[in-house]
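Down below are the structures I want you to see.
Two complexes come next, and they have one chain in common, subunit A, joined by subunit B in the first and subunit C in the second.
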Partner chain A sequence: MVRLNNFDLAIIGGGPAGLFLAKEAKKKGLNTIIFDREERLGGILKQCIHTGFGVEIYNKDMTGPELIEELMEEVLNLGVPYYTKSMCVGFENNKLYFYSPKGIIELSSNYYAFSLGARERARGSLFIEGSRPSGIFTAGFAQYITNILGLKIGEKIAILGSGDIGLIMARRLTLEGMKVIGVFEIMPYYGGLPRNIRQCLEDFEIPLYLSHTILKIEGEERLEKIYVSQVDENLKSVGLIKEFNVDALLFSVGLIPEIDILRKYLLINNKTLGPIVNQYFLTNIPNTFVIGNSLIIFDLVDKAMKSSLNVLDYILKKRKRDLEEVKVIQGNLIRNFVPQILIKDGEKTKIYFRVKEPIFNKEVILRENEKILSKKKFRALYPAEMSEIEIDTNLIDKNEIIIEVI
Partner chain B sequence: MEGSSKKESWLEKDFDVVIGGGGIVGASIFRELSRYELNLLLVEKEEDVSSFGSTIANTGIIHGGYDPIPGTLKAILNKEGKKLWRDLAQKLNIDCEFNGVLVLAYNSEEEKILYELYDRGIKNGVNVKILKKNEIKKLEPNLKETYTLGLISEDAGTIDPFIATINIVRSSYENGGKVLLDTEILEVIREGESIILITNRGEIKTKIFVNSCGFFGKKFLKDETLIFPRRGEYLITDKNLKGLISRPIFGVPSMKGKGISITPTPHGNILLGPTSYIVKEYDTSSTLKEREEILEKVSSFIDFNFFPYIIRDFAGVRASSKTKDFIIEFEKDSNVLHVQGIDSPGLTASPAIAKLVSNLIKEKIPLVKKKNFKETLKPNINLKKLSKEEIDKLIQKEPSFGEIICRCELVSKGEILESLKIFPYPKNIDGLKRRLRVTSGRCQGSFCTIRILKILNEEWNVPFEEIKKKGKEGKIIYGEIE
Partner chain C sequence: MKEITCVICPAGCRILIDKDNISNYKCKKGLDYAKEELINPKRNITTTVKAINLTKKRVSVKLDKEIPKDKIFDVLKEIKKLKINEKVKRGEIIKENILNLGVNLISQETVE
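And then the complex of A and B:
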């Protein structure tokens, strides 16, 4: 058994959010350590070989692996110790346990920050009729096979869901010589970022079928055919069914924060499906933070990285949690948000949120009863985009505030 | 040796008994007969045992035995099989849980049926008990309290039917039985005292042929219209609902059978189903209609939204018999022994069916007990059953046990490597899934499938495109990107 003690901050999950927090924590003098279950640090960015990363933090547009390389170099130069191939399997008596090829690791640290990333929604979370053949992939899984292993997932491919990973994969697979017959989205609007619609679909003439879904899957051992239908405003099939012969189907139908290891202890928010946290991303478990996509699904990696610094703010300024707490309540057209709790410590902070449907020329406000505490105007805001609104906790009188679109 | 395409020398010899079908029934018969000095062969049309038919799509319940009509084979073999499973599960390291099975009535009409079940249970000589409302509440506090009366069969339970079949075949093999996979029996030629089986891989000669080929064995019956297919669909949840209920919950049975249940599996998932529909063809695709039917029925038992927890749906086809009972008998004037129409409680009855079959065979050929029959199996390494200290020791000896491949089910590379070396060998991803539960968790393989492919690519030394999810066409990868 490997026993590791006396750390200030242990970071579980060495993706972009975890690495960035580790770097900044070490710089501020915290005795920090990183754990990751994979062979190499970097998380999902290792397979994201497209650009669009690092613009906010490094002021340059990098690919996922480039950003990770840069970040890794900084972390290693600072001498932050790390354990890879180490899978967190238990949390007992304020100690963490990992399985690793070196044996079981027992870790105790003053603070824990979990940045475990997200899971992809799989076929089981939707209802599609038919058989259960091979050839059905989640988009991120297909991305790993394509970009890391250099292997082909099929010849003729359909994509269900217009989330960003699906859009990026539509382009990738096309560039690698596979035929993407279309992206099917059940909602009347797309789920990914507008720039990805342009750069990944339109530029390659890949059809986007809005208000369409896959009703049935056929093929006994390998996928052979899908049945697609247009849907009405209640998302029910309108009857007209098109058949497409495909040998692979990608699901890009959303991500779910990964926090299974803490599920027994955490209070979960049923909108983000991540933990309920305060403005420092502190959970109901003492001294335990959750950051990055395991807190809420971020739209941009830079945002997930930057926001992780809230943790440092709490630790370094020795903030107290036993102050008065304010609940943030979900109002009109808001899909989800963090934090759900604000400690009234007199500091300014931010609420990260997403809207339920596209909004144009509207305001997002924070109010208590009729008193508006903060507002922000948006010319256009899409459900895929995460936005933020500032709040000064000094302004709050009541123990509840509402976030909503007006 | 097994599964290879060239003809083995042992195939040239005549067999004493050939068993058709590597499902739970065939496997159980195989093991029972491997107690005797016999030249014994199990033939399976698929690439693996425990990979087809009702064996891979059932509720996994070891039934109480209150349901079958007294005096039928179903009643007798259910009672006996239930007893045998307890011992078998222990000897062969089969995951099981014996917390009883609960049947609930919701009105006076259903109470009448419940009392009928009770009377049948008494006649069948099995453990049954009537429960009042408060007793039910104590046992299952999370159910809707609209029930009026309950019946419990306390010694009933659940097992893992995949592991059961696989380990039973392994035990038979270690006791000298032979296995031929990828071999479909096309025709059975009766030649007086002996039988020739025509297969896709040549002829096999045997004294006795046991037709436990499931639904596709009906063609060897004199009257194949006796058997008809009945479809059942299931939903399965992730393990986050462990503890919601502690035992299978049923409503009262109807014309269609025992009905839709909520069943906790020994692994901590919850199974919802099955539906029951007589169909024309063998069809295991799932339907929206039946899924809605399941969720609706289940909502009468419990006020809980299962939807976000469902990770998979599946359907299976059971072979039902018009006789409403199992068919277990020798053909008149031939050595073909039919074991057909094994629908519910087939899994429960399997070890008892095997004993009955061996008794029937005894009347045809002498059965001499082996002196050194091995009852038990060496347990596989399973991290979930070890303490931290034991796991740590194991990893120090073999680091691959510290490398987690399937994060939902916490399965290590070491366990996968070990499984590849244990007969009956897994042939594909689904084979590993039934042995180790890899890919069967919440992410349904989106994390581990590719990691398993990499292991198989190295261990088997075959290109990715030759590694299948299932079957011959079920490849996952189409080769390298040029």
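And then the complex of A and C:
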């Protein structure tokens, strides 16, 4: 067994959030180490060959591979050690255990930051009737097959769900010469960013069917046909059933934070499906943070990266123990948010949130009883976007505040 | 009357274009975008090129400038013909001046 000791900060998961935190932590003099289960660092961005990354952090519009390569160079130049092909398999008595090509690694560090990314919701979570032919993929896996393996997933493609990965894939497969017959979205509004609707669907005249869902999947060995119907406001099927002949179907129906290795210890928030954290992304496990998409599904990579610095803020400032805690409660039209707990340490901080449905010309507020502590106006805010609102913890008197849309 | 979704910021304004009259935009950037879309819509494209005997099967590539929207599929056809069989660096030109459009195809990544 390999024993690694005396680290200040161990980062588990070398995607954009983990690498960015590693870079900044090392710059601040922390003895930092990175672990990743894949052969190459970089996480999901390795397969995201489209642009739109890095605008906030690098002030330029980069592709996923470009951002990762630049960030990796910075991290490696700083001399941060890293272990790839190393899978975290245990967390006992404040020590982490990994399976790695060097055998089992036992790691002890003062602090741990988990940046494990997310998993895709798959067909199994939707209860669609029919057979189980080949040709059915999650959108992210189809992206891997297309961009990394360079293989073709089918000829005629349908996409269920209008999340950003599905929209990006609609364009990507069209560019590769496949026919995308439509994107079906059960909600009356789309799930992705407006600009992706424009650039990925409208540009290529790919139809978007709002308030539509797939009722049945048919095919002996390979997918042959899907049955689609409109839904009413209760999301129940109404009207005519349309048939589409397709040989591939992508699911772009949402991401779930990946935190399996910590599940038995963590308190989970039932809206984000990630851990309950305070404003420094500290979990209920002592000295253990969760960042990036394993905390809450971010809309932009830059935000997942930047927010990971909250961890560093906590580690570098010596904080008084036993500070009073305030609970943040979900109010009107808020889908989910982090943090769910604020330590009253007299500092300003931010709450990251998403709305349940598109809102126009409304305000998001933080209040205790009827007293408004913070407010922010929005001309337009879509469920696909994550936004943030500032709060000065000095202003809080009670032990509970509410976040809501008014 | 044509309706386009502005992609400049996340607000995603639905800008209306009626012959030469542009309306329903909320900022100058939006107006400029709509004008450009009206006269000469341009796009960048990203895709991959087949790699031979390298550590990856595909190399991610992009164009160093935007191209007219109606040239997208012609350019893709040219890119499909390419193969990369030696080490390539991020930012390195893989093919110069594709279809005489004045744009180069460049690598997104270093592949050995």
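Descriptive notes on the structure:
Just so we're on the same page, the second predicted complex is superposed on the first by the 403 of 406 C-alpha atoms of A that agree within 3 Å, B and C clash if a C-alpha of one lies under 4 Å from a C-alpha of the other, contacts with A are read in each partner's own complex, and residues count from 1 in each chain.
As a working rule, contacts are C-beta pairs under 8 Å (C-beta built on N, C-alpha and C of every residue); 3 or more make two chains touch, one makes a residue touch a chain.
Quick caveat, the model's predicted, so the values are computed rather than measured.
Once chain A of one complex is fitted onto chain A of the other, the partner contacts of A:Glu324 are absent, as it touches neither subunit B nor subunit C. Of the two partner chains placed by the overlay, neither subunit B nor subunit C lies in contact with A:Glu56.
Of the two partner chains placed by the overlay, neither subunit B nor subunit C lies in contact with A:Glu390. Legend: residue contacts after superposition of the two complexes on their common chain; A:Leu193 is shown touching subunit C, with no touch to subunit B. By the touch criterion defined above, A:Glu243 lies against neither subunit B nor subunit C after alignment on the C-alpha atoms of chain A.
For subunit A, the partner touching the most residues, choosing from subunit B and subunit C, is B.
In the superposition on chain A, A:Gly150 makes contact with both subunit B and subunit C. In the superposed pair of complexes, A:Asp232 makes contact with neither subunit B nor subunit C.
Once the two complexes are overlaid on chain A, the subunit A residues touched by subunit B in the first and by subunit C in the second are 149-150, 176. Taken in their complex, subunit A has these residues touching subunit B: 1, 37, 85, 87, 89, 97, 99-104, 119-120, 122-125, 127, 129-135, 137-138, 140-141, 144-146, 149-155, 176-177, 218, 220-222, 247, 260, 263. Residues of subunit B touching subunit A in their complex: 240, 284-288, 291, 308, 310-314, 383, 388-389, 391-392, 395-396, 399-400, 402-404, 407-408, 410, 412, 429, 442-444, 446-447, 449-450, 454, 464, 468-482.
Against subunit C, the residues of subunit A that register as touching in their complex are 49-51, 63, 65-66, 69, 147-150, 175-176, 193-195, 197-199, 202-203, 379-380, 382, 385. Against subunit A, the residues of subunit C that register as touching in their complex are 4-7, 10-12, 26, 43-48, 50, 56-58, 60, 62, 69, 72, 76, 90, 108-110.
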